[in-house]
Amino acid sequence: MINVVYVIAAALFIFGLKMLGSPDSAKRGNLLSSVGMLIAVLATLFDQQILSYTWIVVCVIIGSGIGAYAARTVQMTGMPEMVALFNGSGGIASLLVGWAALYHADISAFVAFTVLLSIVIGGVTFTGSLIAWGKLSEKMPSKAIVFNSQRLVNGALIAAILILGIMFCNNPSVSSPVLILIILLSLAFGIMAVIPIGGADMPVVISLLNSYSGLAACAAGFAIDNNILIVAGALVGSAGIILTNIMCKAMNRSLGHVLFSGFSAVKQSTKVIEGEVKPISVDDAYLILEAAGNVMFVPGYGMAVAQAQHAVRELGELLEKNGCEVSYAIHPVAGRMPGHMNVLLAEANVSYDQLIEMDDANPRMDMVDVAIVIGANDVVNPAANEDDTSPIYGMPVIEVPRARTVFVLKRSMAAGFSGVDNPLFFGENTRMIFGDAKATITGLVAEFKG
Amino acid sequence: MDAIYLLFILMLSIFLGFEIISKVPATLHTPLMSGANAISGITLVGAVTSAGAELGGTATFLGALAVIFATVNVVGGYMVTDRMLGMFRKKPAGAAK
Amino acid sequence: MLIGVPKEKYAGELRCPLIPQSIKRMCAAGAKVTVEKGLGSHSGYADAEYSDAGATVSDDHDAIIANSDMLLRLRKPELDDVKNFKKGCIHVSYLDPFNERELVDALAKQGVSAISMEMIPRTTRAQKMDALSSQANLAGYVMVILAAHKLNKILPMMMTPAGTISPARVFVIGAGVAGLQAIATAKRLGARVEAFDTRAVVAEQVQSLGAKFVEIDLGETGQTKDGYAMALTEEQVALQKEGQKKVIAQSDIVITTAQLFGRKAPVIVTKDMIEAMQPGSVVVDMAVGSGGNVEGSKPGKTVKVKGVSIIGVDNLPAEVCRNASEMYSSNLFNLVDEFWDKEGDDGFVLNREDDIIQGCLITHDGAVVNEQIKNHYENQG
Amino acid sequence: MINVVYVIAAALFIFGLKMLGSPDSAKRGNLLSSVGMLIAVLATLFDQQILSYTWIVVCVIIGSGIGAYAARTVQMTGMPEMVALFNGSGGIASLLVGWAALYHADISAFVAFTVLLSIVIGGVTFTGSLIAWGKLSEKMPSKAIVFNSQRLVNGALIAAILILGIMFCNNPSVSSPVLILIILLSLAFGIMAVIPIGGADMPVVISLLNSYSGLAACAAGFAIDNNILIVAGALVGSAGIILTNIMCKAMNRSLGHVLFSGFSAVKQSTKVIEGEVKPISVDDAYLILEAAGNVMFVPGYGMAVAQAQHAVRELGELLEKNGCEVSYAIHPVAGRMPGHMNVLLAEANVSYDQLIEMDDANPRMDMVDVAIVIGANDVVNPAANEDDTSPIYGMPVIEVPRARTVFVLKRSMAAGFSGVDNPLFFGENTRMIFGDAKATITGLVAEFKG
Amino acid sequence: MDAIYLLFILMLSIFLGFEIISKVPATLHTPLMSGANAISGITLVGAVTSAGAELGGTATFLGALAVIFATVNVVGGYMVTDRMLGMFRKKPAGAAK
Amino acid sequence: MLIGVPKEKYAGELRCPLIPQSIKRMCAAGAKVTVEKGLGSHSGYADAEYSDAGATVSDDHDAIIANSDMLLRLRKPELDDVKNFKKGCIHVSYLDPFNERELVDALAKQGVSAISMEMIPRTTRAQKMDALSSQANLAGYVMVILAAHKLNKILPMMMTPAGTISPARVFVIGAGVAGLQAIATAKRLGARVEAFDTRAVVAEQVQSLGAKFVEIDLGETGQTKDGYAMALTEEQVALQKEGQKKVIAQSDIVITTAQLFGRKAPVIVTKDMIEAMQPGSVVVDMAVGSGGNVEGSKPGKTVKVKGVSIIGVDNLPAEVCRNASEMYSSNLFNLVDEFWDKEGDDGFVLNREDDIIQGCLITHDGAVVNEQIKNHYENQG
């Protein structure tokens, strides 16, 4: 009987998660999954051979109290760290459940293994989440904390956990000190893993830890073989990974980097060497645009060659629908004849009011989230300002590097009309999207619509 | 034999997890995360079982603790998510202009 | 059936009523066509092309008008030609019947069945014969080209190394066939286009061309079943003037196409409005022929008022005579073809039942048969 | 051990199916799932307590021989009916497996139930597929075979199967005649269900039966509790339903109609009454366009009002990319001024060569798969030809009704400029897509790109 | 208890089935159908088991028959699908022009 | 620093070298500007606007040229004015130094530092001072408007109830700044546009405007580092003629912009080609001033050959004098501003190191200093 309820609960979770993925169904989705949770818990309470309710009821009340209070009082800005805390408590819970599972009569190596999993993952999630919370709520320095022996320490920790783990599986017992050790180590590792990550990355970290806590629950499920735990845990685990990935891309960081920041952090902090070209895929570019609030197009001769003007206009419209501010910065010499861009954009029905001259564009640049350079080159070449040996030195240019992110759409690294190389392409915040501009833009449009 | 079924279930669930999350608008990232997080509070079920199944003091104690934490996660998680979505409700209207 | 096509005598008329292609099709349908020598010379059609098409080319004007059962032409016939018309012959051309009473009476007296191209009803079915539309359409295009040519600025916006040239502002008053085409052409050239019309229905049509419709609330205005505008009341005119003044002042080009079929065109752009415009700006008055929408516009002249040029070309389609002739020619052909006896060989049959014929047939059997015209004359007394 | 193999096999099936869904991965997908099948079968052979190989090997060889031969020799045109045959053999196989399962020692009611399921579904699939094959390969009249008492008969069949089923579950035994009866009835039902469906619908039917055979396998899985059968069966079952649905839409029929044609057939055949408006969703419209080889756009004043010209051009380009022939038929009086459509389409860069005049468009009409009428009304009004009382009688129009399918994009049922109602909207092959033309077209574009 | 696991598996599989098939180009309808159909030939496994597990003449006979049919479905199904996809390979090149 | 701006004497020159806005900015930079009375009258700038902008308006031409440290103007100075120039003054204007040796020598003799606007290098940096480009650009637009006005057809395609008007065919020869703008404008009006240029690189630029580039294989052709075209060899010219003949024959409008800076323009469209065109067609020759690309074109005239009109307006930008003045004015301003002493108050500093100055400075300290020009003169001997 109870299991049938579990099946239903699982189904509800699945629906819930799916619905959470799209704006208009999200609220219902959340409700659905909460219902799933409710019936699952109730079923457990009534059906399982629960011997003492007292404790449970008390605890549930306490827990709900805390949870409800926290959820109520936190102000909007504090939400992410709050999620981190909740997530942490989820992690510790799994740890405890796993631990408790050891008190069952017989413990096969398999069970012991799953118990360990739930303990380790749970522990990491717990401390990790706490650190994340600390960093977000500025309870501790939010900047990446890095020291040289970091990679060593982390390595050591993992090794230790592995060895102890194997030892434990061979003769699992509640009393063995090994267990305590493992618990402590996992907690420590959780801390080590997160401190070297900067506050900016915290949302990603939390989402990742969230996926961990799912896995922890899943492991716990194996430990006490309870299939709803497994299903729900696994769902959250995998869904969490995907979500983390999406978030990474939206902030354009690589998941790998976040995952192993603990190890590579030191290297990373010095990795920002000039002279490195960072290409990016259309899908990833979409995720960034989707999150942008102010986009500036900077068209050049390449847009004309690609005849991309219509696609560009459409992308502009979609961005505006998405609540984003859109402008077109026209450099006086963009293209191959005076007013080249005007001809094209007028043809594509871009309203005159959205066109801004270079002199108006540059002051706004700092508010721009993404500057999309479409087949322009010379007119956005910083060398014109910086390098007085350059033949175009002294020509005023559109200063895209000052935008938060710069997309450069062109087919190759080739130079423009004046044949001057362009340092912009190597900029810290520059992402190259190689390929025909029209194809690229159309791709982005598709992402927005599809 | 059970283990196998569980394995099947695990495999299928993971696939499902990957399949159901596809493209998520930025505005939904946090709510989705916290909603998923609430689901991961499912350990509550496990906690209840351990806490309930009189396995002696420590175990029960651990279980009880687990119950508290898990409940915080569940209740807090769902409520916070709901709040986020609630305020987000209006936004699109504004955004869509 | 003998069809005659006399040459247009009117000075500065470069169009011709029929082009060889149409004549070919008529002959194929069994008509005998005689055209006057040099018929299409202005529009670049040599006499040879006509004879190749199957027409007889004759230089005897009088013979043509005297012998033809049907006369096809562009402009109204000369009054003293009429008495030579063969009795009962069918004469198709512009007639301007509301103002040409004398001519119409003469035609009636001569027993000619006169069809007025202006009077072809504005129904969907009749559009292919609707010369007013086909010519107004070209006129719309021409007006913009004339204005652009006259203006001392360019129309499109240009952001260049030597600064930004902002787009010229064009204001089109009256968004009928001509007005809409003017809007479209100005848009094409990259100008900022605004338009106004008394018929509110047109607002949507204006926007459908990407231009802005200037909202001026005139209260109740109407349009006749044929889509023509009704005259405005005193205060409505005042309201409109007020509303337009501002727009006109900041426009580089103003184009007026406001005609009221058969009646004198309303004066819309007054002297003070023109003086409020930038020197160098241009005003084009399409209605100059029927009294003019612009104060001080002169037919066939370009007058300067305080540096503003007022263009008053009275035969706009002739500026693109080649296409204009094509269009008018196929209007004529479609009309003839519509009522041509396909089975037998009675040629063109005047089907008095048909609403098109009822609309455009002015005189028949020695009398003025067209209701509208009859009423109009009676009101004149 | 074997079960682990099953898990892997299942995973392979999942990947396989997913990959089969997109052109460039399809071939690999098919390979993958076949590998899954192979290992599953081998594992079964070696692991299970198989006592006599001889039979099995022989049978496998025979089976493979037949299958391979058939697959090799059939010519491309014959593929669908071949699939039907294969599908049928799958169905009968499930039936037999279920039947055989009864010979196991103990049969709970649950098992009996599942056995029945596998038998019934299997049986229906078998005969159903055979009929489908017959119709497709013209071995039998491909037109819908309909007689009045059909619904009665079908109803009776189902009722009988239900009753007998219950009887059987109460005392399940191999020997009981009830079993034989049920088998026969299901076979009969399979025939009855398919004969009333016309040959045109057969692909859909096959896809549906295919999904059935999946379910049959799934049921058999329960019967002999074998989880790979359940997983694979369920996968095919559900995937099949979706696919069927997609196919229905592409041929614009309703799934419900196909599912219950057996019952509604008689009614249906007379249902095609004039005067019924058939709206259609953008997604469904997409599926039809996606399958079209020749599309003709017929723009009117509505396109201008909606300023949809740019979107239209883009849709046109996408269709061409999709290997479809695209043309724009311009009626001389379309719009509100002469050349109205030209202005807009020129602005949107539609090449002059794609524009065709009415007189050239009409002769081509019979080759057109889909005629997309974009905010045109009077210029496509058949009344102009047919009804001599209509004020526009005599005006030549673009004769879209002669195209295979006609989409009419407009916001309402309102009349056009001339105020005349338009019988086109009620045409047999007309589908209305209500809403602003630009929105609609943009939607279609999205479908193509997303 | 088994039944429950099976139920879980069934539920998850069905969800997956729905999720993984989304938009399919018309050209792929038939191949996909026949590919899926081949998978449904999985009954072969069942057939083998029944045929193998000496349950007496009839059962074995039924099993054997089942094996034949199932194999036809599997082998034929996969091969035919492969052929279809093979010829389809070229088409897009042509279509894309 | 005293800056003088004399009025243009040249007949039919409607443009003015400086507009009030620019003068305002110069004054702000610390310059003292004197403009001759009626400087901007043709382009619609009243003297009042100039004085408001901070300039002194004087009607004493001689005083202005005699006292100014810097003279800014549009066209080359009159020869007999030169002797009155203040010694060492800087004179900026068009000079056409390759052909105006006498004038240049006079300027040198007078010790004037003469800057020739034509000689501003075609570098990205210098574009904002590049008057050739800014004016050529407008010329490109004007040519199309002139042609459209003259043509007896409309440019766009129109499918109407009275039949279909097919789009006019426009052929642009020479796709430089002017050529490209001409292409863009013709495209805007809906014409079928084809173009040709000897520099293969331009093909892409032509397509980037949606027009068709006519492929004619001339073998090896080149362009100078400034983007100017090199002269063609005999057989190349022949090849080109051959290739173009067909296209020209079927074109309604042919526009030639093929100039070879400093040298006589090549004759590209010959009599026989013109005769092959339809009567009524139009040819516009931008190079008419420097010898003409079209056989029989006359500066300032429109000649008819077999019904084909050859338009030879030699001052195209003046047709849109308002914008043309704006453009030229900001070219001048940008030049002055670029070398204006921002810190001290030395005003305009002739930085002989700067590549722009090196390019455009012709005479200095009593000698011809520009390399190109010197060589040119020496070759003339």
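Lettered A, B, C, D, E and F in written order, each chain numbered from 1.
Going forward, contacts are C-beta pairs under 8 Å (C-beta built on N, C-alpha and C of every residue); 3 or more make two chains touch, one makes a residue touch a chain.
Fair warning: this is a prediction, and the values are worked out from it, not measured in the lab.
Listing every chain that touches chain B and chain F alike gives A, D.
Taken together, chain C and chain D share the touching chains A, F. The greatest centre-to-centre distance from chain A, using averaged C-alpha positions, is reached by C.
Homomeric contact chain A/chain D is classed as same-residue, with over half of its interface positions used by both copies. Chain centres here are Cα means. That of chain B falls 35 Å from that of chain E. Per-chain Cα centroids separate chain E from chain F by 76 Å. If you average the CA atoms of chain A and of chain E, the two centres end up 38 Å from each other.
In chain F, the residues touching two or more other chains are 127-128, 133-134, 137, 156, 158, 160-163, 165, 188, 190, 210. Residues of chain A found to touch two or more other chains are 14, 227, 231, 307, 332-333, 338-339, 343, 347, 349, 447, 450.
Within chain E, contacts with two or more other chains are made by residues 2, 5-6, 8-9, 12-13, 15-16, 20. Listed by label, the pairs of touching chains are A-B, A-C, A-D, A-E, A-F, B-D, B-E, C-D, C-F, D-E, D-F.
Interface residues of chain E, counted against chain B in their complex, comprise 2, 5-6, 8-9, 12-13, 15-16, 19-20. Within the complex, the chain C residues that touch chain D are 123-125, 127-128, 133-134, 137, 140, 177, 180-181, 184, 187-188, 204-205, 207-210. Those residues of chain E whose C-beta lies close enough to touch chain A in the complex are 1, 4-5, 7-8, 11-12, 15. Of all residues in chain D, only 3-4, 6-7, 10-11, 14, 227, 231 touch chain B in the complex they form. The touching residues of chain D, counted against chain C in their complex, run 301, 304-305, 307, 332-333, 335-340, 343, 347, 378, 384, 391-395, 417-418.
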